[in-house]
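Chains here go by letter, A, B, C and D, matching the order in which they are written, and residues are numbered from 1 within each.
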């Protein structure tokens, strides 16, 4: 066995120790680093978000382009037709058991929409109660949370979309929950209204950011991706 | 018989003619003048408007105070729960047979409200069709028409009343009909929103101009009376 | 001039008279006879009824096969989405101006259905009022009327179709109007329920007489055609 | 020490043993016996059931009269406006933490009713899913369960109550859950229909077993008490 002593600035350094540290560093660099696991928890909009062209797929692409793909792991947990209480019912199996670091909650459009389309919307007080119950379960496990307001049911910009009043009310509920819990908020309703005010001069009810007044087209998916990606990097 | 000739500014005036005219004028002043008959055609808000404290009663009082009661005859034709098609169905017996000179149409709140409260509101295209059918029947008889937008379902000023979107849409339909037919419009929705923005700092849903989000309190009746009375005198 | 007397069973018959009658009969057979004009007045089901395979087309075919096409003239006046008040609004132009002898009213499914699908159904008291207003206008012109109950919204036979209660109530309203006015009734709801009880052992909600719980397939159109054709011939 | 041997029917019995058993029995009789704790879990009907005259109060009285009050402990857990998902949300705090032996689930009327009254009913598939989730949580803790069908929204007996179709469908869902899980069922809908068929000859929509088509009058509370008490004793 060879011992090398180097005299370095008045200090005798054990070369063996240095080598060990160097090898360890090298090993660590090649070891798979723990990624931040992010689950997108929502309805059909989130379900479509995980498809090609969807906002989750776009966030993943943006992440790769920015060389950050080593840091993040994205997973969609959206199911068509879901309302806030459906998220609560399935959050154990679909979210908690997957041990996410971050959950992005994007829910509410069906809670309002189904009032009119099938008589099965959600009362505002119950919307708030279930939303808070979801927040509580995530906070109890120290999971980081990002909230989103629901974007639109109709893109008309003169405040004549049938359910604009309710959409504003339910968005306010989400904004209040975010403020009270000191949670980051992606205010999609605000972002969509601002975009539509600039880009919908003909006051159309669809076709700017949505295909059918509710579900996102390419531009809509990109807008959601941009807003969410900002919020994720800001955590 | 005496003939008096007066020389007046180079003209000889026949005094007999002057006297005749004077007497005629005198007679005319004491003769019962034809009053302008005004029918208020609407729903429960108009029905209550004919009660003590209601807006029709208030218009009648204002009319008397201004010494114009000889000119106008006011009659209420409001029935609780009425929508636009109910007005169309009963307009022959309740309006046309009473030979009004002016009809003030104040309808629409139930067409929106009942969508949510009993599933029996009116689709916007049909609202417009029946409204136009009423206008046509009145115009065919040379009856003057004043239109009103529906005021409010909820007085919150942050655009979160559940049916604000629909209320705006149906108000726009009425505004368009007024414009296309060149008819005077009492824009109650606009007037109520402006009043609430100034006088509802706590964002309450009732109690400023309404008792129950829809039906008028004393201030609400006075505001409607003021706006309508202006429109009536402006005919 | 030749007179031929034929001794026939103790009676002398004037041959000239016989010839005259024969010629008259011949002329009459070739003369255009006044046809009975029948208008089918309703919604999308009636609109589809005038298409190939629809119940009006089938009635027309049955009429020809039975050699009665000289007697009847059939015309559809169905418009998609119509409720009872829509019929009332358009009956002058679409029915009365066409001078029908008979009007078959087949309305009501949207008055119930739209309560759930868009919040714009018709309250039962108003359904009855508009129905009676239509009847009155037709009776005033001595037009014969055949009423029909609305068939189904869902074909399940265990009384679990969502709107069965309302369908029964509105059918009862129509049955009462028929009874009070002594008018023939084609009780389609009864006929459909009986058919489904026999032919829908799997309790399906569609596919027996309808394509989509409401609109008629070939069997449904034939059933309606059979029932109506009986009622028409029974006038 | 005294040993007494008694010859009894060919058997020698140890008197000491008998005395010990007698004393134990005596002790046991005075010892507080573990009562069966029964929680009634539901909506406003159950909330009122715990009031004087309510069905829970009546069951408690019947229990005392039958000398069984030592065996049972009854507690109401009804909250006005509750639907199936509200029960799920609050079952940990309001039911499980109270360690019941038996839970009687009586829910569903608002899940149907609110479709029409406020557009916030529950879709049938989600009704079933939440109902099953409640059952699972109770079974996991070996809590006995009694299910109830929802009674009525309207007492008319000719199948014309507006929501009869839905009431039948949701009752079938509950019946199926009971059958699949081999759970006792109190079929209130069946019991109410049978009672009304006998006692509502005028086809009234309320006043036989309910005050307002939904909430129970004295007779209604007694009927529910009778049916539930039978099921409780049958456990």
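The rule is short, and it goes like this: contacts are C-beta pairs under 8 Å (C-beta built on N, C-alpha and C of every residue); 3 or more make two chains touch, one makes a residue touch a chain.
What you are looking at is a predicted structure, and each value in this text was computed from that prediction instead of being measured.
The rotation relating subunit B to subunit D, fitted on Cα atoms, comes to 180°, given as a multiple of 5. For the touching copies subunit A and subunit D, the fraction of interface residue numbers used by both exceeds half; the interface is of the same-residue type.
One finds 58 Å separating the Cα centroids of subunit A and subunit C.
If you average the CA atoms of subunit B and of subunit C, the two centres end up 44 Å from each other. Shown for subunit B are the residues in touch with two or more other chains, namely 115-116, 118-119.
Chain contact summary for the complex, subunit D toward subunit C: residues 115-116, 119, 154, 158-169, 172. On the subunit C side of its complex with subunit B, the touching residues are 85-86, 88-89, 114-116, 118-123, 126, 129-130, 133.
The residues of subunit D lying in touch with subunit B in their complex are 116-119.
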